Structure formats: C-alpha cells, structure tokens
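Each remark here refers to the structure printed beneath this line.
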Amino acid sequence: MDTIEKLTEIFKEFPGIGERQAKRFVYFLMAKNSDYAEGLSLLIKELRKDTMQCSQCFRFFVSPNLKKEKVCEICADKNIDSSTLMIVEKDSDLESINKSRVYNGKYFILGGLIPIIEKNTNKTVRINELIKKIPNEKSLKEIILAFSLNPQGNHTDFYIRNQLKDILKSSAIKISSLGRGLSTGTELEYSDNDTLKNALKNRQ
Amino acid sequence: MDTIEKLTEIFKEFPGIGERQAKRFVYFLMAKNSDYAEGLSLLIKELRKDTMQCSQCFRFFVSPNLKKEKVCEICADKNIDSSTLMIVEKDSDLESINKSRVYNGKYFILGGLIPIIEKNTNKTVRINELIKKIPNEKSLKEIILAFSLNPQGNHTDFYIRNQLKDILKSSAIKISSLGRGLSTGTELEYSDNDTLKNALKNRQ
Amino acid sequence: MDTIEKLTEIFKEFPGIGERQAKRFVYFLMAKNSDYAEGLSLLIKELRKDTMQCSQCFRFFVSPNLKKEKVCEICADKNIDSSTLMIVEKDSDLESINKSRVYNGKYFILGGLIPIIEKNTNKTVRINELIKKIPNEKSLKEIILAFSLNPQGNHTDFYIRNQLKDILKSSAIKISSLGRGLSTGTELEYSDNDTLKNALKNRQ
Amino acid sequence: MDTIEKLTEIFKEFPGIGERQAKRFVYFLMAKNSDYAEGLSLLIKELRKDTMQCSQCFRFFVSPNLKKEKVCEICADKNIDSSTLMIVEKDSDLESINKSRVYNGKYFILGGLIPIIEKNTNKTVRINELIKKIPNEKSLKEIILAFSLNPQGNHTDFYIRNQLKDILKSSAIKISSLGRGLSTGTELEYSDNDTLKNALKNRQ
C-alpha cells in the first residue's frame, strides 16, 4: 500500500465517510499547498497531545495547559447544578445539549448504548463506573436518563434503571427519563402509534 | 382546452400532484380499458352522492343508506368515551389517530389551523361551532388540543385556549394539549433546542 | 368494501400512487364541493368515450368529433416526414419526444419493452404489427430504435434488429439506434464505464 | 480559537464537509486512540512530502523514491498510446477514466473549467501550458476534449477549440469531443431536449 491508499483507508474510518469521499480527501490534500497539509498534520498531533478524558464525566476535552487534575471545564465549573446528573450515550450528545443551554447540571457519558442482545455489557459501556460514582455524589438528587428514542435507547434506559435499583432504593435520589411526545415538526397525520400514545399520555 | 388538458388541470389540484404527474394520470386513463375508467367515474359520482358531513364532529363520511340524521359512525358509537373531546385540524389527522387506537373519545374537526397573521379567523375555521358545541356536551370533562408541532399549530393551540377561557372558567372542564418531548426516532445529537427543552421539562 | 375503500383501490393503480396517497385523494374528493367531483367524473367518462387508438402508430388520442378513420393527428399530418419511423416503448415517450420538436418523422408505439427472460413476447408487444406495417410504408428509408438506456431497453433494441433482419435485407431501409454518450448533466468523475466507453467511441 | 475550533475550520474546507460534520471529525479524533491520530498526522505529512506534480500532464502523484524527473507513472509508461491526448478538468476526472480502462492514451489536466464570464482565464487554467506542449508531442494525432456536460463544460470545449485553432491549422492533429447522447439510465420520457437532440443527431 502506498501513501495514497493508506491515507484513504484512514479517512474511511471517519464518521459518515465512504471509499469514494475518502479518496477525494486524499486528492484534495495533494492539490492543496504544503502549508495547509502541514498545518493539518500539526493540529491533529496537537489535538491528541492536548486531549484528556475527564475523570468525572468521561468526556474528551482539550486542555492546552496540561493541568495535573483531569477534570473538564463543565465538571470544574462551580455554577453547575450538582444535584442533577444526566446520563448520555456519547460526547456529541453532551455537546448538543450543552450548546442548547436548556440544562445546567452535571453529565456522565456512558460510552455507548446497550445492545438488545449481548452478554458482556460491562465491557462496552461504563455501567460499573456509573455505579461507583453515584455514592460519592453527595449533593445528587436526580439522575436523568437521556437517550435517543429508538429500541436500543429504550433498552439502555430500562437496563440502567434495573442496574441502579439497589443503589437508589436506600437513597433519596430520583431517577427520570426525558419526556416523550410530539417533537418539533411532528405532523399528527404522519405520526406513529408510539408517538401518539406518548403524546396523549403526557398531555398537559 | 380539450378533454386531456381539462382533466390534467383537475388532477393538478389533487394533493401532492404536479403538472407532469397529472398528465401521466390522464394518459394512464386513456391506456386503461373502458371498464376501469367508467368504474372510476361512477365511484367518484357515488362518493360525492354518499358523502355527508357529520353534524357533530364535522368529519366527512360515507353513508350508503342515506340515513336521515347526519351523524358519523364514531359520534354515533355508544362505546366512545364522551368525557373527552379532541380538537384536530383536519380529517386526515382524525383518521390517523383513530386508526392508531390510542384514543377512544370524541373528536371535533376545526377545519384548518389559525394563520399567525390574519383577521377574520372565524370564517376559515369552526371556532364559533366549537364554542356553541361545548355547553351542550353534558358529560364533557376534558378538551384535548391535538395540533401538529409547528408555529401555526402552536398559535392555534394558544388561540383556542384564549377563545374558550370564558366558557371554561365557570365549568369543571379541563383543557390540555398533547405532550411534547422526544418522538420516535429522535436522536439527541441532532435535536433542536425546543425539543430538548420540552423533553427535559416533561421528564418523568 | 365501501365506496371509500373501492375508490382507494382504484387510485392505488394510478402511476406512482401508494396506499396513503390514494386515501388522501379520496378524502380530498370528499372535502371538495360536489361540482368538482361531478366535473371530474364527467370528464373521465368523456375522456374514455373520446379516446381512440391510432391504427397506424397505436398511440392513444382524443378525438371529440368521432371521426370514422382512426388516425391520430401526427399520422394524419402531411408535413410529417414519412421517410423515418421511430419505434418507442410507450405513449409518454412519444409525447416527450414530440414536445421537444427535435424529430419530425413518424412514430410506432411498441407497447412495452421485451423482458430479458420471456417466451411469448409477441403477445405483450406489437412486434407482429410492426413487421406487417413496414412493407406498406412506401416512402420509409430509416427505422430509428429509441429506447431508454437500461438492460431491458438494450435487449429490446437487439431483439427488434433481429426480428427485422430478414424483412430489411432485401430493402433499402436502414435501421439505427439513438446515439450514446454524455447526456446533459453527466459529470465525468462519476460516470459509469459504459457511458465513458460510448462517449469515447462516439467522439466527434 | 482553541485546537478544536482550528481543526474544525480546516476540516470544513474538505470537499463536501460542512460545519457539523467537521466538528464530528474532531470529536472522532479525540475519542480515537493516540496511535490512530498520530498515524494520520504522519501520513498527511508524508503525503505532502512525497506528492509531486507531473511535469507532463500536471496530475498530482505520489513518488516515495524522490526520483529526479517529475513524470507520473502514466506519462512514463511506454505502453501508453501517445497519439491521443485527452484534456480533462481535474485530477479526479483523470482517475475515473483511467480506472475505467476504456482509454489508453495520454492525459492533460487543465486545472479547472473556463467560467462563462471571466477575463483572465489564462491565470486559472493551464491553457498556455497546453499551447506550449502540443508542438512538442511528435506522435500526437488527436486531441480529445473530455469535459462534463454542463454550460461551463461546453464553454470550455468551445474556448479550447478556439485557442488551438491556429496551432492545429497547419498540423495533421485532429480535435474531437466526447460523444453525446443517451447515458446509462437515461429514460426517454424524462430526457431534456438537448439530450434527445444529441441522441437523434448521433444515431447509428
């Protein structure tokens, strides 16, 4: 494999990128001037060097100062409401919710959804880390499960509630899930039965 | 205009049909055997002859027996729960909800949404008919507003609550709207702010 | 089946129309005023009554005057160049080409393409009618095969050339097919091998 | 701007990549292990270091051996037919045609199409390089213009024929353009007038 082929293989792993576009990326880089490619190369190296994973919420973040403690700026922020902990699937979910400014509490990134049929779940997602974390969160009052509304998201919601049952029984911590119903743009005429059922049940 | 052109013009009014497809319909009819076209012609005539508009919910329905009283089979059904009245925009919304079997109450078809900027609203939608109807519904306990989740739907929800304020003040009838939050298939990463806000507010 | 269901079934046969849209058509007709539906019903009846199939090119056409001879306005037009005969698959192909004004000769509608695997081809398309027609066309100099560029279109091109071989051998009539190469909007980067091959072979 | 933002800006320049996907790329790299990111960084650097532009056809190619002469493997190949020279817009066009194996001659990459309204064309595309090159190609018999079939492609075809008129007049070198007509998948019914016209004109 020459450099073009090797680089095509790597770009093919990028999210949403197939063979053809991966190759276009390579030709794009070949045609660009050296400065651009070198800048990109350097930035990617820097990104990895500066990237740390938060020891509290497990999100990846960039810290140019190489601070000792590995805590991201959200977890370190004293204005964050530490009485709620939102469990999300992945970094990009956290970014979207954080950017929307509708939530001001803590996060925990599970690192994936629970496949409906699988055995060794603990290896793929941070369920053990979550169980260990909860007793240490002294001001915690509510855990919010925030997963996409599809079969795997529903299964993950159910699974985590089950796993946390014992630990929450003896505490005052509530567990809740994001509300369901009509979302922006939902047209009644074309709604599925589940959405109609949830919208009707949760009417207010 | 010859017959082909006239018929094309009529098919162009069909929902979702443009010039090209309207013309294809005409050529399709020309190529089909006479029985098909005559059957279609007869059925359309019959449909209109047998179509009545329900005097209670205002939906269109087909009654081949030409009954005297103009009440549709839902409004006439004694098993329907007459303590709830769902206000919907149009016939196809009612059909979808009815088909989903998640709701067993009465309906009222408003006949449209309230445009955000317009004066003579009463002429386009059946707000007066709704106001007249409510005092006569002796067993009514809850009005459910069920509109699509878009600016016009929201405006209609707001408008009707306002119009019914006086009439409901002195009664025990509640007014509610379909719940909002995540709908089937919603991915957190790509959710808009309103959906996230509603999902968080309505968590449970 | 009631009228709504029967009419839905009929609309489902319209080209490009599925169950959901067929039903929307029915509700659309129910909500429209009687005049519209009756006008439609009448026009469909009239269309069929006035529709004739041209005895020369086999296209369907509308003749309100109920002329005795069953010849369409293209075949009857003396300004049409009768030295070329274009064989097309269906009425809508003829309409498109005729509308484009790039061709001024005669047409013959085959009534379908030849399936790649099928035995009794003569029953589905008018190959016998074509064979019978050619010796009677005294001024004919060229037959143009004009089929869509897909496997079935190619097979039909091949099949007709084969069927007409004997009849054309002893005559001066040429047989040709529409040219192949780049069509409007073709981007070289995304072209398939066949298109590139044809474009290269037919360069000029 | 921190590293995440800087890298997002750079990925946004990649062909077909918008803000959202650019950001996903960055988070993807943060979540990947260091080896992956470092490998990518290194390969991009290497790619640029090894990338040369062919002095004959102007395509970019990778040469790990840092050969002195800057000639790509197609131009250096003795089995290539040097009697034809195909002029293409860009590297990816050349790659597609080369991969299709329908052409075995030489290439020349123009470096862009000629905008329909622009003055200093010579600065954006290699028209001067082309004019200089032709007299030196001793075995050249045919120049093939191979541009995408859109207004700018047509204009470029016209422009180059005009620019080469004088130089070709006194020589035996032909100039041709890729053939036009139906391309794979073209349906007659939906064809535009130009495609029908070309298909009819180039029938065979």
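We call the chains A, B, C and D, going by the order they appear; numbering starts again at 1 in every chain.
Everything that follows uses one rule, which is that a residue touches a chain if its C-beta (ideal position, glycine included) is under 8 Å from a C-beta of that chain, and two chains touch if they have at least 3 such contacts.
Which protein is which chain? UniProt says A, B, C, D = Recombination protein RecR.
Being a predicted model, the structure only gives us computed values, none of them experimental.
Novice: If you list every residue number at the chain C (Recombination protein RecR) and chain D (Recombination protein RecR) contact, are more than half found on both copies (same) or fewer than half (different)?
Specialist: Same; most numbers are used by both chain C (Recombination protein RecR) and chain D (Recombination protein RecR).
Novice: Please identify which chain has its centre, taken as the mean of its CA atoms, farthest from the centre of chain C (Recombination protein RecR).
Specialist: So the farthest one, by centre of C-alpha atoms, is A.
Novice: Distance-wise, how many Å sit between the C-alpha centres of chain C (Recombination protein RecR) and chain D (Recombination protein RecR), to the nearest whole number?
Specialist: 39
Novice: Rounded to the nearest whole Å, what is the centre-to-centre distance of chain B (Recombination protein RecR) and chain D (Recombination protein RecR), using the mean of the C-alpha atoms as each centre?
Specialist: 55
Novice: Where in chain A (Recombination protein RecR) do residues touch at least two different other chains?
Specialist: 92, 95
Novice: Could you list each pair of chains that touch one another?
Specialist: According to the stated criterion, the contacting chain pairs are A-B, A-D, B-C, C-D.
Novice: Inside the complex, what are the residues of chain C (Recombination protein RecR) that reach chain B (Recombination protein RecR)?
Specialist: These residues of chain C (Recombination protein RecR) touch chain B (Recombination protein RecR): 2-4, 6-7, 10, 13-16, 21, 23-31, 34, 36-48, 50-51, 60-62, 64, 91-92, 95.
Novice: Touching chain B (Recombination protein RecR) in the complex: which residues of chain A (Recombination protein RecR)?
Specialist: So the residues of chain A (Recombination protein RecR) touching chain B (Recombination protein RecR) come out as 88-90, 92-93, 95-97, 100-103, 144, 146-150, 176-204.
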